[in-house]
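First chain A sits with chain B, and in the next complex the same chain sits with chain C.
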Partner chain A sequence: MHLERSNLIYRWEKRVFPFLLLLPAFILIIGVVAYPIVRALWLSFHNYNPLKPHASEYTGFENYLKILRDSVFSIALRNSIFWIIGVVLFQFLGGLLGALILRQNFRGRSIVRGLSLIPWVTPSILIAIMWIWMLDGNYGIINDILLKLGIISKYIPWLAQKNTALPSVMIADIWRGIPFFAIMLLAAMEAIPEELYEAAKIDGAGPFKIFTHITWPLILPTVIITTMLRIIWTANHMDLILIMTDGGPGFSSLIIPLMSYHTAYKQLNFGYGATIAILQGLFLIIFISLYLRLLRKRGSIY
Partner chain B sequence: MKNSKFLIFFILVLILALLISPIQGQKKTVIKYWLWLDDPTDPMFPDLVKQFNSLNPDIQVEYELIPLAQYYDKLVTAVGAGTAPDCARFKDWWLGAFVDAGALEPLDNYLNNWNGYKDVITNLWTTGKIHAKSPIYMMPHQLITFYLYYRKDWFKEKNLPPPTDLSKFLDAAKKLTDPSKNRYGFGLRGGAGGQDQWLAFMVAQGARLVDRTGKVIADSPEAILANQWYIDLFRVHKVAPPSAPTDAYAQVLGAFQAGITAMMAHHVGSSVLVTQRLGEENVGVVPMPPADPRRPATMMTMSGNVILSGSKNKDAAFKFISWLTEKDQMDKWCRSRQGQLPVLKSVASMPYYMNNIFFKVSLDQAKYAIAWPPLPGVGYISAQLWLSLMQRALLGEITSKEMMVEIANALRKK
Partner chain C sequence: MRKNQFFKYFTIFIWLSFILIPYIWMFITSIKSPNELYTFPLKYFPHKPTLEGYKLLIETTPFLSYMKNSIIVAIFTVIIALFVAILASYSFSRFDFKGKMPLSFIFLITQMFPAILLAIPLFLLMRNLGILNTPLSLILAHSTFAVPFSTWMITGFLNSIPRELDEAAQIDGCGKLGALRHVIIPVASPGIIAATIYIFIYSWNEFLYALTFTSDIRARTIPVGLHTFMGEYIIRWDLLTAGGVITGLPVIIFFMIIQKYLIKGLTEGAVKG
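Coming up: the complex of A and B.
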């Protein structure tokens, strides 16, 4: 009798109790990750209007077939690729340059390090409004400066032209993201043991060689993880575009997440909106896994 | 060990019991009301709510301020999720889609017993219906009619007559445009919210989106021509600033205030900002210039109040929204920084409104102004479709015909 009871307690404590402790986290993950994904998948096979939730119908693969013929989607896809590659590449280059500068010893370095974070900690709505006014076609400061420098001959409506709208928003986003890379790369560089540099100097290596043979290989793991994070964020974040151009003029700065939002909330076509979002997720998974495979091979040499 | 487990169990049960048991409080009817305000810092509305709550101790109005840009999205999602408020501020643009979904409560039975009914300017009850014989779904509250501001001083300088019809408008716009001085004749709004200004110019040319029987005629030759005329202001005559395709209210107002544009189409809501900056003597106002002076027309848009059909406290909700529409409250609202046009005859005839030229021109236009047709597609057109079509038309990517066909298709969609 006594033995049986202790067996029961043993079972409870070893087999059930741990799962009970995991339950809150499990419920949370189901609620905030699994359910939305399943729901989005369900939506993408239905024709769903939130004003008439009971009138939704199963439409099979209709939404997916529609996307293949949708010329707006191919514009958004092209813009998205341009947006992600352009933004992340220049943010990374700017951040790398910033990290190399901030690593030098100069007076007031800690103040400069702190101040350089400002773009990153500014709320995106403020960034967007600030850049809208700076880029204004009638009295924006950027036009004013470029005109006085003689680079342009008349005011340019940056956000109202087909060819300049998306690049203008990209500049604002690049400006915002540089500090993120600068700080992450700086932290990685600070972790490199000083002896390696000393040894290289004794061996007669110049600054360029030191960078390519010591700094770069040792910060590569950080480079991979930060660019990957940034690619995902840049692909999904549409805050600056939404406020600065709302995808316009026409479709010239429309990216996939914004198209999904417009379709769902403005057109009240949640099914098609969800389909667009799911395709974006798939593209991103494929792109990221290719990217990681490519870079992991090179990163594993060291 | 055993003891502590028991304790944890006991506490959990206690918390659960507290959560489940209904919290007994005063028996007040709580009314949830959503609205947007052009100036969210204005104390006018919180004051009104305080006043209403103290006048009606059995009702507690709780309001939520939502920016207009997100308002439609939030209301749609709330209706879908079953978390909509009892009553809400509402735009005529959205009536079609919401009535189609059965989300709004017909107000006729309530209005029969409301003693302010006859005080509302008669023409305006139609803005709360979706066709001539439908019930009234929205109580009119704040009206806008589009008129035209012009720079009196610039017109005088060039010896131009006031732009009272469209040929004088175009002539003046051309003569006042000088890109080398960064000066343009007209502040065309191709960006967010520009559809109202566009519709004003469409109807002023005699074009209509629907005919008297409710048939969609947005793709008729007249409408395509009228739209072409509007596009040509930017593409052919170049009387609008190059930034016009994305200019929204802030940019259009800013350009007029800064002396970049000579004319701006807007409504009474901007009259204080415009005259404060440029001086009353330099700002003229005319009714929307028509193509044919014998057939004046402009667009109006109504923001009113609705009761959501899912509300459990419709009587109390009606009490609140009808109270907001009564004389003193209406007057207070119209004089505030949100001020638009009153919909009550007793308020419109007050000297404050009759002696103000901007109010007077706007109210005179109310007699013949035309609203967006209350069709389900108008929600999508005003929220998104018009903007991307107009911008592509202004950039030369699509023709006027292609644009109007898409608008007509959206209007015809059930």
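Coming up: the complex of A and C.
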């Protein structure tokens, strides 16, 4: 009798209760993430227009084949690759520099660290407002400063020129991401035991040697994980481009997720828009698995 | 030595300027009068600072309605997401069960999908439910996307609380949920407050779902509202920067309050890797 009862409690605790606790989260995830993904797959095989939902037809792989022929898509793909590599590379380099600056011993350290992360919590709309205004072709402070320094000879409409639009938005996004990288790398650096540095100093190693032989190898796992998260985030996040240039002028700053948005909400072609978004998701999955496999081979993590 | 000291503070000064100048410039712009705003050559500091931009923003635009919507969405998102995340982290932190790893993996990958991939079908779902252009549609979406990271943060905090504590509570006659309510939640309150502010900031800032689900002042939140200002009129930079300052202030203040915990939650996972 007693045994049976405790068995029942055991089963309740092991099999039922923990799942009950997770139930609300999974109801949300199924409704707001899983179901929409299935629906997006369905959309990608139809020519769905939200204004004429009943006129939608099954079109097979037509949307997927259309991408192969779509010259705008190849522009967006090229821009996306340029955007991701440029943004993440410079965020990383700036972040590393920031981490080295913040690691020094100084008064007000924790306040400076807090202030450093402000761009990370600032809404995209605000970052866009600040940078559009600073980059303004007539009254922008950036033109004013560059002109005074003699770097440019006349004001440049940074966001309205084909060859400067995407790089200008990238600068805003790089600025926003550097502090995040800095804080992550800083945390990794602080996890390195002080004795290692002391030992290296006793052995007569200079700052550069200490960095390449101690700091860098030990922060590498964090570098790898942070970079991967950053790549995913940068690839998907299009708020800044949408607000600052909306992909223009022409298609000069269009990236894949923004093209998906335009296709769905401006051309009202939900089927094709969903197809583009699915391809974006697939690219990311392939990228992440290659990235992780490469790392496992090199034995950098795990 | 003194030279070193100077170099150190110089690098920190450069770093802080790099981060803060755009904010300072926005603030300065917001207190300039229009005729000082559009001058050539540029004048850096206002001759006569004015709050006219703020006044006009509140009196002549629907900014306050947007703000009301933002507050409603953020508060309900916090309530729902926090409830869901606390239960989930209690499960992850205190029970060993089959399928724990794959389930927590599912939490993680929800963060990796392109938002636009979900926004398109979600738009149709919200339309079928008849809640397009209502705060409810945003509350549902924001809650879901805020749950994984807040669960991660709270789980980290719960893991640092010794299990003996809730066992003692159970011996004293609390059930599992009683132990959660009367013992664990109070002890984990710093983590829960940090998660609360994280959820609030996430919802307050969110742009893409707000852009696609809302279409007028009944449901538009501040980020989308400010975005419409950029398209509707000739851009009024005094109003726009004033709106930016009002939008940014609560986030920055909240963040400075919890930055210690948020940084801890953010960096711990990645550093332990």
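Convention: the second predicted complex is superposed on the first by the 266 of 302 C-alpha atoms of A that agree within 3 Å, B and C clash if a C-alpha of one lies under 4 Å from a C-alpha of the other, contacts with A are read in each partner's own complex, and residues count from 1 in each chain.
The working rule: a residue touches a chain if its C-beta (ideal position, glycine included) is under 8 Å from a C-beta of that chain, and two chains touch if they have at least 3 such contacts.
Just so it is clear, the structure is predicted and the values come from calculations on it, not from any experiment.
S.K.: Judging by the criteria at the top, classify the pair chain B and chain C on chain A as clash or fit.
M.R.: With chain A aligned, chain B runs into chain C, so clash.
S.K.: One more residue to check, A:Pro50. First (chain B), second (chain C), both or neither?
M.R.: Both: A:Pro50 reaches chain B and chain C.
S.K.: By the touch definition at the top of the document, which applies to A:Ile232: first (chain B), second (chain C), both, or neither?
M.R.: Only chain C is touched by A:Ile232; chain B is not.
S.K.: I want to verify the contact counts: of chain B and chain C, which reaches more residues of chain A?
M.R.: Of chain B and chain C, the partner in contact with more residues of chain A is C.
S.K.: Which partner chains sit in contact with A:Gly177 here, chain B, chain C, both or neither? Use first/second/both/neither.
M.R.: neither
S.K.: So in the superposed three-chain picture, is A:Ala187 touching just chain B, just chain C, both, or none of them (first/second/both/neither)?
M.R.: second
S.K.: For A:Phe251, is the partner it touches chain B (first), chain C (second), both, or none of the two (neither)?
M.R.: The answer is first: A:Phe251 touches chain B but not chain C.
S.K.: Between chain B (first) and chain C (second), which does A:Tyr139 come into contact with in this model arrangement: first, second, both, or neither?
M.R.: Both partners.
S.K.: Using the superposition on chain A described above, determine whether A:Tyr265 touches chain B (first), chain C (second), both, or neither.
M.R.: both
S.K.: Touching A:Leu115 in the superposition: chain B (first), chain C (second), both, neither?
M.R.: In the superposition, A:Leu115 touches chain C alone.
S.K.: Output check: A:Ile278 vs chain B and chain C. Expected answer is one of first, second, both, neither. What do you get?
M.R.: Second partner only, chain C.
S.K.: Please pick the stretch of chain B from 2-10, 38-46 or 218-226 that overlaps chain C when the two structures are superposed.
M.R.: 38-46
S.K.: Where on chain A do chain B and chain C both make contact?
M.R.: In the superposed arrangement, which is not itself an observed complex, chain A uses residues 50, 138-139, 265 for both chain B and chain C.
S.K.: With touch defined as at the start, can you tell me which chain B residues reach chain A in the complex?
M.R.: Per the stated touch rule, the residues are 72-73, 76-77, 79-81, 97-98, 100-101, 103, 179, 182, 190-192, 241-247, 251, 254-255, 258, 260, 379-380, 383-385, 387-388, 391-392, 394-395, 397.
S.K.: Taking the complex as given, what residues does chain A use to touch chain C?
M.R.: 13-15, 17-19, 21-22, 24-26, 28-29, 31-33, 35-37, 39-40, 43, 50, 98, 101-102, 104, 106, 110, 112-119, 121-127, 129-134, 138-139, 141, 144, 175, 179, 183-184, 187-188, 191, 221-222, 225-226, 229, 232, 235-239, 242-243, 257, 260-261, 264-265, 270, 273-274, 277-278, 280-281, 284, 288, 301
S.K.: Using the touch definition from the top, list the residues of chain A that touch chain B in their complex.
M.R.: My answer: residues 49-53, 136-139, 154-157, 159-162, 165, 245-252, 262, 265-268.
S.K.: Within their complex, state which residues of chain C touch chain A.
M.R.: Residues of chain C touching chain A: 8-9, 11-12, 14-16, 18-20, 22-23, 25-26, 29, 37-42, 44, 83-85, 87-88, 90-91, 95-98, 100, 103, 106-107, 110, 112-125, 127, 140-141, 143-145, 147, 151, 176, 201, 204-205, 207-208, 211-212, 222-224, 226-227, 230, 237, 240-241, 243-244, 247-248, 251-252, 255-256, 259-260, 262-263, 266-268, 270-271, 273.
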